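Each of the next two complexes has subunit A plus one other chain: subunit B in the first, subunit C in the second.
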Partner chain A sequence: MRFLFKTDYEDDIRLFPHSGYFVSYGLLLAVLLIAPYVLSSYVMSQLVFVCIYATVGVALLILTGFTGQASLGHAAFLAIGAYTAAYLQKYGVPFPVYFLAAGLLTGLIGALVGFPALRLQGIYLVIATISFAFIVEEILARWESVTNGNEGMRIKAVSLFGVAVSRDSPTFYFLCLAVLVLTIVGTLNLLRSPTGRAFVAIRDSETAARSMGVNVALYKVKSFAISAAITGFAGVLFAHKLSFISPEMFTLQLSIEFIIVILIGGAFSLHGAVLGAIFIVMIDPFLTYLKDDMPGIIAGIAATFGAGTQAAANVQSKVATFASLNGLKGAIYGIIIVLFVLFEPLGLYGRWLKIKLFFQLFPLYKRATFKRQKIYVKSERNR
Partner chain B sequence: MSYFRAESLSLHFGGLKAVDAVSFAVEKGEILSIIGPNGAGKSSIFNLISRIYRPTSGRIFFEDQDITEQPPYDIARLGIARTFQNIELFENASVLSNLLVGRHRHSTTQLWQELLFLPSVRAGEKVHRRRVEQVIEFLDLEPYRDKLISGLPYGVRKVIELARALCSEPKLILLDEPSSGLNVEETGDMSFWIRDLRSELGVTVLMVEHDMSLVNRVSDRVIALNYGRVLAMGSPAEVQQHPDVVAAYLGA
Partner chain C sequence: MLDFVQQLVSGVALGCVYGLIALGFVLVYKATEVVNFAQGDLMMLGGFFAFTFIGMMGLNYWIGFAGAVAAMALFGMLAERVVVRPILGYPQFSIIMATIGLGYFLRSVSGMIWGTDDFKIDTPFSQGVLRIGSLVLADDKLSVIAATAILCTLLWLFFNKTTLGTAMRASSENMLAAYYMGIPVKRVVSIVWAISAAVATCAGVLLAPITFIHSNVGLVLGLKAFPAAVLGGFGSIPGAVVGGVLIGVIESMAGFYLAEGWKDVAPYIVLLAVLLLKPEGLFGLHVRKKV
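Let's look at the complex of A and B:
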């Protein structure tokens, strides 16, 4: 175990507290940089989605995790970013310009959503943001002259310095990775400066924040704007990755997926947002795999334990019917959220911290180390 | 002209007069205590000053400036800091970041500068950090710097609230029951700190307190309230002898 001996105020400010961080993050970066030349195109494609989801996760974390303002409307912000990009691209606007424009416009709309949200808290704010998402979805479907309605819009490949960047190329992956890294660094910078502390202050006690001189309304609007702007940037990349966007992609389901990203990752850490993004991107192929293979496996087990051919085939068809039920995916998402809130409120990142501590303290680790914290977090949620 | 002045301040909730035409003045460098039975309107006066409530009528002046209509976040910027009766700390943050929030009124950096963490932000952070360190030293909080508030005992939290208010370098500090929930020893420490606030940092103190021994030890003057009205004003001894005050506490 390493004990830091702080000798300078700089020690509390710098992003990497000690040299070990350079090694581990340097290694991670190296792995991420050589990944496109080693991994299959399918895995790379998933990795691009991880980058995009993690970017949105960080954005949502700023609003929900740090400022304490819940939102189920982030799919709408993503949609606004995506459609702005598609619309501007149609008129020959170059990529860097519409990329920035999409982020700024989404940020502006985020600020506008923030104003009515000033008077709302908790569940009421969630409902307000859901309504906002529905309004945006409806506008996208009806405003045909701009959005092409339910037919959706095509979006051509990114053009950087006159070269077309295919959505499957390493360059596009690097672009997404760069956006994610810049988002994370910006967020870390924010968190170690007055604005970030004001956000956390608002989350924990608005009254105290106000009496310390924090203009609560202004900072809530700022938080909405920043969160929306980052989501808008991610939206541009999302549109390019899919190369086709239509209103039914940006539904409540997507907003819930973003909530899952931060909830499962760990609601108060940036590591959590990335872990959550990996989780949400991986769960889909995993469920597909289960759906395809589980009936056969279960039938095989049944046969091993003495079921006849007829009975095994019967089991197989029944399991297959169950696996292709409508809404099963939603139910599984729901169960996962409930289980995490009950048993691991600090998410995957919390679990990782415990594993790390176990090895640091080995053989002295006690299960009770995190007990008080866990009870505390739970009682907070019940309020 | 006095340093801080409340003129016929009233706060009515429907027919209930929580604060009823209360006038008082605080001189610069003074420690003034407000006492009174439960529900006398002591904390309501604090909430009027820090603009959590809007007064029904009356005016508040600070350094000859009318602050009755200032938005709540501006009160801190003018140099009035406060603590809360039921601790209002930022639970899921470290002690250090709680104290740094106290520095908020001194921050001058813009959002875009903070996103890039420009040298100006870094320099500002170091200044804030140094100030916070002085307060940590003043209140003996060294062991707790990196601890989360949610894991700290009540007595320490109470001191951290005082520290957070001091970090904003206030001219006037409002202490809402600084000794509630503290044991005798901690109350003793608190009384030393309150006196040091004035003598070392030159802060004027307005305090609501139930513990008469603490009031006697630190206050220059005392105001006794009951049912939102001023019963008596004067030195601690005078106020405690006042027949109306005795009646309010012990019954007529």
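Let's look at the complex of A and C:
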């Protein structure tokens, strides 16, 4: 186990606290860079979605994880980014320009949403962001001259330096990866700056932050704007990846999915956003796999345990019927959320930290290290 | 003018529907400070229970109704025991997520059991209409209005006049202190979930002739009832009904007088406006924390 001897405040906020970080993140980056030449195009497509979801996850982490402002309206920000891109592309605006414009516009709208949110707490903020998302969804469906209404909009491939980049090409994957990496590095830098510390102070106690001289209103609006802008960037990539957007893609369901990303990943660290994104993108292929292969596997198991051919076939058909039930995906989603909230509140990244600590302290690991504290005296009404 | 009155009345009827569901939200919030996003889905499940008892087993309407309420009260206790109790005392956000998860689960499981069709329950109120002058009001809507008024009064009395109600308010303010005062907090929370599931079932059964029952009805109506509860100030029982009625009236007025599309957003626009001016809703308590 490595002990870091810190002699300076700089040591506390270093991006790479020790050389091990260079090795592990360098390896990860290398793997990600050679991935498109090794993996199948289906997996690559999933990886692009992971990048996009992780970008939104990071955006949501800034707002929810670090500033403590819940939002169930991020699908709307994603939609604004996507539609800005689609609209500007129609008029021949080049990619870098509309990419930035989408981020700027979304950030501006995010700040506008942030202003009313200043006075709102907890559940009231959640409902305000839901309302905002509904209003945006309805505007997208009705403002036909710009958004083409419920018919949706098509988006041509990205053209970078005059070359069209297909949404399945490695270049597009690199673009998404670059956006994700830049977002993460930018966020890390933001979080170790005075702004980031103000965010965390607001999350921990607004009253305390205010009495320490933090301009709570300003930083809340900043947090909303930054979070929305990043989501807007992700929206551009999302639109290009799907190549077709329509209002019913950006529903409350999507906002909830984003929350699930950070909930399952772990809402206290940027690692969580990436892990959660991997989880949520992989859940669909996994369910398809279950549907296709599980009946056979279970029947095989039944056969090895001495079930006759007839019984095994019976089991297989039963499992197949169960696996192809309509709402199975929703039920599994629900169970996963509840299980994570109940048993793994720190998410996948928290689990990883626990495993790491277990090996570091090998015979001395205590469960209680990660025990959450219950706060029964909590009435969130008077704060 | 007659149009206006007719719209007003049907808006009030619709609003009572929202208010009835919002009552469940408020109940759980008032007693435990937990926001139950699965409230709409409890309503849906209650409707399905009643459909099973009345439509499929052929019981008498009132017996089936009572059976569904009792079954759902037990179910509410079960849900509380399994999902909510282990995380009581943790930040509100985790509990919200847990109830969202519970909602997902209930929706898809009831879709698996009862299928995705619309179901209808034959009620004693299905046919008749009430005429006042040239105003027409269907009996099923009247039944919703009456039930909302009755339930609201009963719950208000319960919270303000009975010992158990006072215990509930106490445990919502400060669970630990309530526990020291000898209030069995766990049992109180369990009871409140039972009551709110029962209220949700009443809503579900009364709505069955109007909106029909399908596995998504809880989500659709829940998303309207939720703003109603917020509009009224989340912790206030009369507020929930007032908020519901306001949302209902706004919706039906917007549907009648404004262009298409306003109907669905108007309640949310009004809600945002109210929250801007009064962040605690219309009847909410405003208490500032002192350092």
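Methods note: the second predicted complex is superposed on the first by the 331 of 383 C-alpha atoms of A that agree within 3 Å, B and C clash if a C-alpha of one lies under 4 Å from a C-alpha of the other, contacts with A are read in each partner's own complex, and residues count from 1 in each chain.
One rule holds for everything that comes next: a contact is a pair of C-beta atoms (placed from the backbone, for glycine too) under 8 Å apart; a residue touches a chain by one contact, two chains touch by 3 or more.
All values derive from a computational prediction rather than experimental measurement.
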item: Broader residue contact with subunit A after superposition on the shared chain, subunit B or subunit C; value: C
item: Contacts of A:F174 with subunit B and subunit C, given as first, second, both or neither; value: neither
item: Contacts of A:T207 with subunit B and subunit C, given as first, second, both or neither; value: both
item: Which of subunit B and subunit C A:N215 touches, first, second, both or neither; value: first
item: Which of subunit B and subunit C A:W352 touches, first, second, both or neither; value: neither
item: Which superposed partner A:Y365 touches (first subunit B, second subunit C, both, neither); value: neither
item: Interface residues of subunit A shared between complexes with subunit B and subunit C; value: 207-208, 211, 372, 376
item: Residues of subunit C defined as touching subunit A within the complex; value: 29, 33, 35, 83, 86-90, 92-98, 100-109, 111-112, 116, 172-177, 179, 215, 223, 226-227, 230, 234-235, 261, 264-265, 268-269, 271-272, 275-276, 279-281, 285, 287-289, 291
item: Subunit A residues touching subunit C - in the complex, by the definition given at the top; value: 64, 70, 116, 119-124, 126-128, 130-132, 134-135, 138, 141-142, 207-208, 211, 252, 256, 259-260, 263, 325-331, 333-338, 341-342, 345, 372, 374-383
item: Touching residues on subunit B, where the partner in the complex is subunit A; value: 50, 52, 71-77, 81-82, 84, 88-93, 96-97, 100-105, 107, 109, 111, 114-117, 121-122, 124-126, 129-130, 133, 150-151, 164, 168
item: Sites on subunit A touched by subunit B in the complex; value: 9-10, 12-13, 186, 189-190, 192-198, 200-201, 203-205, 207-216, 222, 226, 268, 372-373, 376
